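What follows is a set of structures for review.
Next come two complexes built around chain A: one with chain B, the other with chain C.
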Partner chain A sequence: MNKTANVVIIGGGISGCSIAYNLAKKGVKNIVVIEKQYLASGSTGRCGAGIRMQWGTERNCLLAKLSTEFYENANEELEVVHDIEFKQGGYLIVAATEKEVEQFKKNVALQNSLGIPTVYLSPKEAKEIIPHMDESKILGATFCPKDGHLNPFYTTEAFAIAAKRLGVEFMTYTTVTGITTKNGKVTGVHTDKGYISTPIIVNAAGGYSKIIGQMAGVDVPIYAQRHQILVTEPVEPLQDPMYMSFALNIYCQQTPHGSFIMGRGDDNEPTDMRITSSWQFMEEMAKTCCELLPLLSKLRVIRQWAGLYTMTEDAHPIYGGVKELEGFYLACGFSGHGFMLGPATGLLMAETILGETTTIDISNLDKDRFERGELILEPSVV
Partner chain B sequence: MRIEEHPILSFKNEKKIKFYFNGKEYEGFEGDTIASALHAAGVKVLKHSHNHKRPRGFYCAIGNCSSCLMTVNGEPNVRVCIEKLREGMMVETQKGKGVLK
Partner chain C sequence: MLERTGIPTKAEIESITPSDERRRKGPVAVIECFQKIPCNPCYTSCKFGAIREFKDINERPVLDFDKCTGCGICVVNCPGLAIFIIDETYSDTEALVKIPYEFVPLPDEGIFVTALNREGKPICRAKVVKVQNAKFQDKTPVVSLAVPKEYSMEVRFFNIDDYFSDSTYICRCEELTLGELRELIRMGYRTLDEIKRISRAGMGPCQGRTCRQLIMQELAKATGQKMEEMPMTTFRPPVKAIKLGALTGGVDNE
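Up next is the complex of A and B:
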């Protein structure tokens, strides 16, 4: 079955669905989204589901702020079938080292200057926000009450349904097998369900973005890395904010369902595509959680899983076209923050593809910044 | 209901154990789980589903299905099908998802 499209988006996660929705909303017809499995089956559906505006660079702060403001009104804007469960309980980011205290104070000043209502707290003040924490393990904390978390499945579905209403076609369980080009321009996409000719391809394939890039002869400077996460049995509401520490390596939130979701990073993870689970993660995660949030030691773990962070060297996403191939756009390398940035990704990519002035300047988030050596290093990543 | 005869297992049912279910005194035997003692005493409803409040009974009996979560000695979400019965235990029907204290 061969066909023609104006835009083909590869990847049915939050980025792909949000880009499709925004393009369709701006009047683009004949958009096809190709997803290898089901919507949100990759990094989106496997993520920690948080959104925070507490970043260490202006760019990440602004992207997250744009996305937060969208999520605040997303139920109305997307006319959702199911509430996206956006709970603005805040993020409590604890400082465990003197270096973090110093960095966090700088972050708060930066965030406040951008209109983000973060405050710096003493350990005692932090404990008032999460009473079951062991405040003796920390030196201070920052808190932004407008941060929060939401359901990645309902949110992705909400974008997809809104996009479908505007005529976007979704091809799930469809694998991209090749990309065709001619004279430095994109001409189409081969899939296991047939060929689609198109002048524009958006690579929003998450952990698979590098492979999709290779199909088009474009080297995308990213690598996929496994991150693991677990979920506990549900209990009555106990913790409103996301609890997070970079130095102690944990993020932990209670979903509206009552279960706790927690994860951590590991620099020794292999940088391949594996998404298996390890007992080492379970042991270390449980230990960290029980030390910092002792009450949670009474919870039983239901299951654990893993997903891919798609890392860039500076922990900022790659947005925009590439100079070597006309019609080929990148929305990838979110470095673990693709879900929270989803609304910004969709809007900014749609503006870029249509040649409009972007709501936030993303000209220095292009792929070639790595060649130019213009990295924007983010100090606050878990 | 109790299984009196079994081709492989034998049940001595020698030592009686007293416990409380929702404030009322009950009796089981040494070797019982909480669930088996309740079942023998005719208690069929162990909890209720969260959304529709439908009754949930003895189901998987191996600690997997969460159909039998109850509050035992104040601790919520105890899987009574795999928790051994002990003298004087306070077993209660749990309301909601359990409060961590």
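Up next is the complex of A and C:
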């Protein structure tokens, strides 16, 4: 079945749904979102579900702040069916090396200058916030009480339902098989359900963004890497904030539902798109968690899973159009932080596509920054 | 097939069915255990040596029908509720089917219920002849149903009428009710994966062992798909919940 659209968004995760909502809200008609499986089936639904404003660059801080402020009012703005379960229990980011202490103090100054209420804490003060931590393992910590977490499925659903109310069409279980162009301009999308002619395509395909780029003849400088997570049985509330360490390699939070979700990075994780689970992860995760948060050794793990981080060289997203193909826009390369940046992605991409002045300057987040060598290196990534 | 639907094939059923001759002689156990799992209480509980000794605990049980007296001790010892007793000598026209039944409320003796086959489809009315729930049964009550003789190898469960309502729990770990499930299906969620993610059904300590097939059944009913053709959720490690401290070696898992 062939049809015509004004905008086709590829990818039904948080980014695609948020972009669709924002475009529709600005009055764009005839928007189609294509999703290979079901909404939030990729990285969005597999993520750690946290959101933090504690970043090491101004750009990431501002994007996260915009998103946090949106999530604070999202239940009302999106008229949700299910509460998105946004809980601002804070992020406690611990410093384990002298280098981190130095960096974190700089981060706090930067964050405070942008209106983000982060404080620097001694190990003793950090322990008052998470009493079951082993404070002998850390040299200090930063804490922002406005950070938190929310439910990725309900949040994506909320954007999608709000977008549907505004007339956006969602094609789930639909695979993009090709992209057509003419004279350097986008002309349409082939799918297994038919052809859609369109002058604008937004590539929000997460781990598959590189493949979608290739279909359009655009080389997107990203790679997808597996990241793993585990979850425990639910227990009574024990820990309000996310506990996080870059040097010790852990993030661990208790969800409102009671379960603990924790993950860690691994430079040796495969980059071949696989999202299978490994026993090595479970063992290493257990070791790290038991050392730093000994009380949690009594919790039972009930499940582990994996998803893809879509990495860029500087751990910032790629936003905006590309010079080689008119009408082709990128919203990808979130480097593990696409869920938390969802609201900012939607707003800024909608503004960009409509040629408006963007709420936050994202001109230096374009794809070509890598060619220009203008990287904005982010020091604070797990 | 069994893994997806919980329903054994015809060939699997035939492989464990006692002969007509044996069935005419009196009560006998029918062991509907089709998956290799590390489990042997049927063998250890049998007082008559009717279940062959396991060389490997993963083996499926092998029953000697001639040694089996149909006493039913294995029925209450099977953690999988996979063993039934059938007695075709119960009356001229009816057979007795003894079913392990770990649900509340238990039916009252003497009432009539809707007897179901292995697919959960109603096949006849049946009278509850007896409900046994002695201490030695360790909370596995056994319900004896009188059914037409030709259904002795068909009836394996029953519905107390009006038993399933919108408030019936489908996912016991995450407390999803049948009413909530039906509402999600009405909202457009069409696969087990979608239902799991939006409702947490199957994300609890049992990891979907109880609700997976119940949700599939409801989805199949709503969408007209066949259960065996519907996509499943991913089976993820660990197989059994394990303490973080047990993984590192310091903490007992109990």
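Keep this in mind: the second predicted complex is superposed on the first by the 382 of 382 C-alpha atoms of A that agree within 3 Å, B and C clash if a C-alpha of one lies under 4 Å from a C-alpha of the other, contacts with A are read in each partner's own complex, and residues count from 1 in each chain.
FYI, a residue touches a chain if its C-beta (ideal position, glycine included) is under 8 Å from a C-beta of that chain, and two chains touch if they have at least 3 such contacts.
None of the values given here were measured: they were computed from a predicted structure.
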> Is this a clash or a fit when chain B and chain C both end up on chain A?
Replying inline: clash
> With the two structures laid over each other on chain A, which partner does A:Ser41 touch: chain B (first), chain C (second), both, or neither?
Replying inline: second
> Looking at chain A, does chain B or chain C touch a larger number of its residues?
Replying inline: C
>> Contacts for A:Gly258 in the overlay, against chain B (first) and chain C (second): which applies, first, second, both or neither?
In response: first
>> Just checking: does A:Ile196 make contact with chain B only, chain C only, both, or neither of them? Give me first, second, both or neither.
In response: neither
> So, A:Leu78: does it touch chain B (first), chain C (second), both, or neither?
Replying inline: neither
>> Contacts for A:Arg300 in the overlay, against chain B (first) and chain C (second): which applies, first, second, both or neither?
In response: both
> Looking at the overlay, does A:Phe153 come into contact with chain B only (first), chain C only (second), both, or neither?
Replying inline: second
> Taking the superposition as given, does A:Thr232 touch the first partner, chain B, the second, chain C, both, or neither?
Replying inline: second
>> Touch test for A:Ala331: chain B only (first), chain C only (second), both, or neither?
In response: neither
>> Counting contacts the way the document defines them, which residues of chain A are shared by the two interfaces, the one with chain B and the one with chain C?
In response: 233-234, 296, 298-300
> Which chain A residues qualify as touching chain C in the complex?
Replying inline: 37-38, 40-41, 45, 81-82, 153-154, 157, 231-234, 257, 277, 279, 282-283, 285-287, 289-290, 296-305
>> Touching residues of chain B toward chain A in the complex: what are they?
In response: 50, 66, 75-77, 96-100
> Within the complex, which stretch of chain C touches chain A?
Replying inline: 187, 191, 193-194, 197-198, 200, 203-205, 207, 234, 236-238, 241-245, 247-248, 250-251
>> Under the stated contact criterion, what part of chain A meets chain B in this complex?
In response: 132, 233-236, 238, 258, 295-296, 298-300
